[in-house]
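I've put the structures underneath this note.
Here come two complexes built around chain A, the first alongside chain B, the second alongside chain C.
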Partner chain A sequence: MIENVPALLIVLPILVATLPLLVGLRYERVGWTVAALTTTAAFAMALWLALVIFTTGEAVIHQLGGFPRPIGIELVADRLSAPFVVLATGISMGVLAYTRRGGPRGNSFYSAYLLLLGGLLGLSLTGDVFNMFVFLEITGLTTYALIAKGKSGESAIAALKYLIIGTVGASMYLIGVGFLFVATGTLNMIDLATAIPQQAGYGNPLILTAFAFVFVGFAIKIALFPLHTWQPDAYQRAPDGATPLIAALVSTVSAYALFRLVYTVFTVEFLVSIPHASEIVVTVGSISVLAGSALAVMQRRVKRMLAYSSVSQFGLVVLAYGLMNDTALLGALVHLIGHAIMKGGLFLAVGTIAAGTGARTVKEYAGLAKRMPFMAGSLAVLGLALVGVPPSIGFLGKWFIAVGAIEAGIWPVAVVVLLSTMLTLGYIARLLERMYFTPAPTRGGAPEGSLATDGSGNDPTPGAVSAGMLGVTVLAALLAVALGFSGGAFDSLLGPFIEVILNG
Partner chain B sequence: MSAGDSYTESQVIMSTVKIVTPFVLTYGLFITFHGADAPGGGFQGGAVIGVVVLMLAFAFGIEPTREWLDNRVVTGLIAGGVLAFGAIGLASMLLGGAFLQYELLPIHHPSRYGIEGIEILGIAAIVSGTVIGLFFATAAGFTADAFAPSDERIETQRDDRPRTGRTEGEE
Partner chain C sequence: MVDVASIRPLAAVLVSFLAAGAIVASHRYPNVRDSWSVIAALTKFGIVASMLPGVMDGTVYVWSLGTFVPGVEFALRADPLGMLFALLASFLWIFTAFYATGYMRGLDEPNQTRFFAAFAMSLSTALGIAFAQNLVTIFVFYELLSVSTYPLVAHDEDAEARIAGRKYLAYTFFGGGVLVLAGTVLVFQLAGTVDFAAGGIPALAEAAGADPWFARLAFGLLVTGFGVKAALMPIHSWLADAMVAPTPVSGLLHAVAVVKSGAFGISRVILDVYGPDLAADLGVHIPLAIVAAFTLTAASIIALRKDHLKRRLAYSTTAQLSYIVLGLSMLHPYAILGGLFHIPAHAFGKLTLFFCAGAIHVETHTDYISEMAGIGKRMPFTMAAFTIGAAGMAGIPLIAGFVSKYYMLIGGLGAGGIGVIGAEGATMSPLMGTIFSGSLIVSGLLNIAYFWPIVYTAYFESENDHDAKPLLEFPMGGKPESYGVSVGRLTDGGKRIEDPEHETGYAVDRFPSDHAGADADDHEHEHDDHHGGGPPAEGWERRRPWAESTWLMLVPIGLIATGAIVLGVVPGQAVFFDLAVYIVETVTGVVVP
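Up next, the complex of A and B:
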């Protein structure tokens, strides 16, 4: 029975995605209910799957069509994929609490929402590199659609921009897969791990080219500097209800996929035996950390600032991939999960604040602590967690990565990691200062004279903010803090897996 | 720009389409039905079947074609195709096998007709429905409010008014 769960997790959201369209021909506004039921069921299945995997220690494998590896396509749920399956189903369930009132509405939105969940789960569970491309495309296409759901023309442009750049990224990944297939004749990940050294050798130009294409393709999807240019527009222009989902999950699962490819397919021996391979990964990550933070500090719009912050945080994760020791890899995975919760929560808070007060720029956040205390508080807690103030999941991830960098003995990287904390504080502190220490503008006599005193946008709009919107944001903040005490748990859950990929 | 604007009635095009359409549809079905054991398949066949409707739209006008082919048909093709694919896949799981394990299906030549079922009922329906749906959606063009300035832009203008020398750049 349990071996059917990976397949069901992918098939269920995709099949149910047709229901809002079909039922929507007769009834309007069924989308939310359908999506809520489906994500809840998927979350329950994901928890069950994770429970089985972590109690038995065995991976759950579903062979599609009953064809064994390497001919058939496998779905593999193991210690690495289980947390991401739980994360994807859990966050997509949580964000629905926002979209009930906060929108966007419409049955087609929820169809795309469920398709995106199906794509993300497929990306997390597949054990086949070509199949991964298919799910990468499903994820990409639905994300473009969700971004284009924004009301303005700019949303359409942002979606088009992401479509063009994202398709290039996915195509580069596919070219990489093509090179792997030419060199080894197999597409199964577990099979590739042994076929690469046996049939081609790590130094084979085909394998090197494949690695380069796969890495650059995913660098686009993850939005690492300087391939991040689609991402700020996409996050900013997407509807407020879609941004938390996209920001929390799409790049995160892509980063998971990169980890899976680097460590399960190419393996750590490849990184060790190829000169400069790990150095390149670390350098790309480090540059992304610094450039992303610098760009984030310069932004006036909060959504855009948080988008550039993601460039920086994912830089940190990819940097840790290149450090190749267990502490850093654990840190990378913890930070991936933590970042999804924190950034999802931050975008939920930003969306709720925009719905309640119309404030969208850092300047307009002045005095917010008085107008929306819970949202300001959640934003502050999540922001500080992102900085890495203990106790929080953000602290855990950054701490492990920093210790890993020191263990690896690469001091410049350790400096970058510690600097990233300061740089994050650089843009979070601007928000905190505005919310808590700048007085709210008063009508007709704003002290700075630069605030939107003539608009009605700063008055709280009654009825625009629901208990669900507030609740899910506060929940994200509490979760970010509570998970700060789970360092030992993460180590015992993910540690054995990291041990295996590092030492064979 | 609405769909009807660019339409001009042409005897040549209408006559040609009337003659060609049955052959194109047959060819599309031919390709679709050859998915399992000969070159062909649902993607290619579905695209050709979808093109039939596009040809009709070019010959007789997009609006009349849209009214003739109800929106429910297009939605039904796409959603029905996905459901058919899923149903065939899940049927073998209910029979105790893996997803899409054709040999468990209680039919004659299960592997062949299982794949045919996926190709014809699933993929061909989805692809033709998507081709038709995208064509109609593109032809309908953008509604006026899609080009209305976003509320963010209004805020930007409002933001910028009092200050002239702006230091913080956004884009």
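Up next, the complex of A and C:
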């Protein structure tokens, strides 16, 4: 039974994605219910799958159609993919609590939403590099659709921009896969790991080219500087209900896929044997940390600021990929998971605040602590967690990466990792100061969109903010803090896997 | 020492954390809300004090959550050094809780709920720092302390407070999130553990033998990181700016809990991470002592020129904290004892001074020393307490500050190998020992030079007949012409005349908006923050000591000033000295008589 769960996890959301449109012909608002039921079921299955994997310590492998490895396609749920499957289903469920009232409404949104979930789960579970391309495209296409659900013309432009740049990225990945196939004759990840050194050798130009294409392709999808240009527009212009999903999951799962490819397919021996391979990865990540933060500090709009913050945080993750020691890799994975929770929560808070008060720029956040104390508080907690104030998941990730950087002895990188605290503080502190220590403007300067006629117009608009929207944001903040005590747990869950990929 | 598992260290930390929640929850009822602070303070002190007999008998209370990050536990441990800081912070919070209520209500400040909640949180984290069992745990609380004191610094919500808050965040996060974290990671990497051990982590000593430069780098990072909060130069300037905070904050946090957490962190690093022996072997103590000696001299000189009372106190704090750091960094048992005892000695004295400054501000809205001529008539009791505190800062015998400075001087000479007491424990050249001891004496003189004029002007001058203080207000080296005629104001009927000295003072030091309304005569009932200071037009009203302010402020001032005397007259009877002796014994093995 358990070996069918990986397939079910992918097939269920994709098949059900047709239902909101079909049933929607008769019942107008069925989309949310369908999505909620499906996501809950998927979350339950993901938990079960994770439980089985972590208790038995064995990977769960599903052979699609019963065809064995060289010919058939495998779905692999192991210690690495299980946390991401739980994360993807869990965050999707949380975002649903927001979208019920916060929108975007309409059955087509929920169809795209379920397709996206299916694509993300596919990316997390697939054991085949070509199959990964298929899921990458499913994820990409549905993301374009979700961004375009925004009401303004800019949303359409942002979606188009992402469509073009994202497709270039996916195509580069496909070219890389092509080279791999030419060099080795197989597409299965586990086979590739042995076939690359045996049949081609690490120094083979085909393999080197494949690595370059795969890395650049995913750098686009992850939005590393300077290939990030689609991302701020996409995050900012997407509907408030879709941004948390995109920001928390799409880049995260792409980064997971890159990790999978680098360490399962190319393996650490490849990185070690190719001169400058790991240095390039580390450098790209470091530059992304610095540039992303610098760009974030300059933004006036909160969503855009947080978008650039993602550029910086993913830089930290990719930087850790290149450090090639167990502490740094653990840090990368913890920070990936932590960043998804924190950034998802931040965008949920931003969406809720926009719904309640219409505030969208840093300036308009003045005095927010009095108007929406819980949202301001959640934003503050999540922001400080992102800075790396302990105890929080943000600190854990940073601790592991910092220890790893010093263990690796690459001093400039260690400095970048440690300084990232200050860089993140640079843009988070602006928000804190605005929300808590800048009095709200009086009537004349009231934020646009609020009806400030009698001085009470800045209160949350009744009805626009639901308990679900508030609850899920507060939950994200609490989770970010509570997971700060899970350092030992992460180490025992993910440590053995990292041990295997590093030492064979 | 025997380790005993106990929930009490955690309880001591959590009490005020829970109180912060209760304070926010009861924000509609000010009396209920403010009583939470008092209840939490008393409970907290009770819990800490309940551990004291055990700790003095060699018991160490330990509470552990288990693994925090692999290889490091999240654990609290009430050892003697931690008890010294915890006892001090929780004891003084009791008085500050009363005083803060009086102060905040006296000024009718906004956002009192946030203020008291953040205050309680800060105390929680301060105790966490005191009881932290390893560098990672101390880092956790050190960062949380930065976060929870930020709302207190930026409390006023005006541009000045926001800028001070920004500076505060930038400095403390750079110190904590970057430098302390980096140092912690390095120590973890070198030694494989970050647990404190009295006299130094053995594994670190081995690693330092193999690679001394990494150990030195880690020491530098840690000490600089903690030095930010201890306001070592050149990373001190946040402290003076943070004086925009309400006075209870300046008092308890920026003279006791926050800045002492920095000094305490340095003492942990020197005594329990590296240990005096390893620090001496690495030679890292000399640069630190030089920085501390420079800071205490330079800060004292800067303090001379500050007309704003709280800013002068802030620079005095900067100097006094460096006494502690200097005492510790001389690595001599006597000097360490002096440095450790200076933690409570300075706390009692400086808290008295800040409370007095706050009381003056609440009652008369006077912030500038040049406007305090004759204020002894209006606030006789407050100024008497102020005199005691000031004498303690200068190290006058019979006040707490003397005892600590006495031991530091002996230790300084002993560290240089001079004289007969403890000269066998020399850690530096005689020249260095002399310079460091000399800097203590010079700074003591400077203390008198900047505190005495305040006392003098308050008691022995009157509002319409007071001189400029040559050392403080004139260019260094004096004025080229005779100043008796140009400055000594003559009056024409008792009315105060704005003299030119004051006009320039305004232009440099204060906001134009504060200038207006200096002649209002209802100071006691005036709640406007932007009210000007200085004496009313008809001169200071003469008040009796018990009628000069509310008992919520006078009683704490009196008790703490008494405490400063008790510590100075019978240090052996006050528990802090015994604790400090005990710590020195566990760390160095030397029993100081």
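As a convention for this text, the second predicted complex is superposed on the first by the 488 of 504 C-alpha atoms of A that agree within 3 Å, B and C clash if a C-alpha of one lies under 4 Å from a C-alpha of the other, contacts with A are read in each partner's own complex, and residues count from 1 in each chain.
In this text, a contact is a pair of C-beta atoms (placed from the backbone, for glycine too) under 8 Å apart; a residue touches a chain by one contact, two chains touch by 3 or more.
No experiment lies behind these values; they were computed from the predicted model shown.
Enquirer: In the superposed model on chain A, is it clash or fit for chain B and chain C?
Expert: Superposition result for chain B and chain C: fit.
Enquirer: So, A:Val389: does it touch chain B (first), chain C (second), both, or neither?
Expert: So A:Val389 only meets chain C here.
Enquirer: Look at A:Pro439 in the shared chain and tell me whether it touches chain B only, chain C only, both, or neither; answer first, second, both or neither.
Expert: second
Enquirer: Touch test for A:Gly66: chain B only (first), chain C only (second), both, or neither?
Expert: first
Enquirer: If you stack the two complexes on chain A, which partner ends up touching A:Gly344: first (chain B), second (chain C), both, or neither?
Expert: A:Gly344: touches no partner chain.
Enquirer: Regarding the shared-chain residue A:Thr421, is it in contact with chain B (first), chain C (second), both, or neither?
Expert: It touches chain C, and chain B stays clear.
Enquirer: If you take every C-alpha pair with one atom in chain B and one in chain C, what is the shortest distance in Å after superposing?
Expert: 19 Å.
Enquirer: Of the residues on chain A, which ones does chain B touch that chain C also touches?
Expert: Dual-contact residues (chain A): none.
Enquirer: Going by the contact rule set out above, which residues of chain A touch chain C in the complex?
Expert: 384, 387-391, 395-396, 398-400, 402-403, 406-407, 414, 418-419, 421-422, 425, 429, 432-433, 436-439, 485, 487-488, 491, 495
Enquirer: Can you check the complex and tell me which residues of chain C touch chain A?
Expert: Interface residues on the chain C side: 65-70, 74, 114, 136, 139-140, 143-144, 146-147, 150-151, 154, 157, 161-162, 165-166, 169-170, 173-174, 177-178, 181-182, 185-186, 188-189.
Enquirer: Which bits of chain A are touching chain B when the two form their complex?
Expert: On the chain A side, the touching residues are 4, 7-8, 11, 14-15, 17-19, 21-22, 25, 62-66, 150-156, 298-301, 304, 358, 360-361, 363, 449-450, 452, 454-455, 457.
Enquirer: Which stretch or stretches of chain B touch chain A in the complex?
Expert: Residues in contact with chain A: 71-72, 75-76, 78-80, 82-83, 86, 89-90, 93, 97-103, 142, 145-153, 155, 158-159, 162-163, 168-170.
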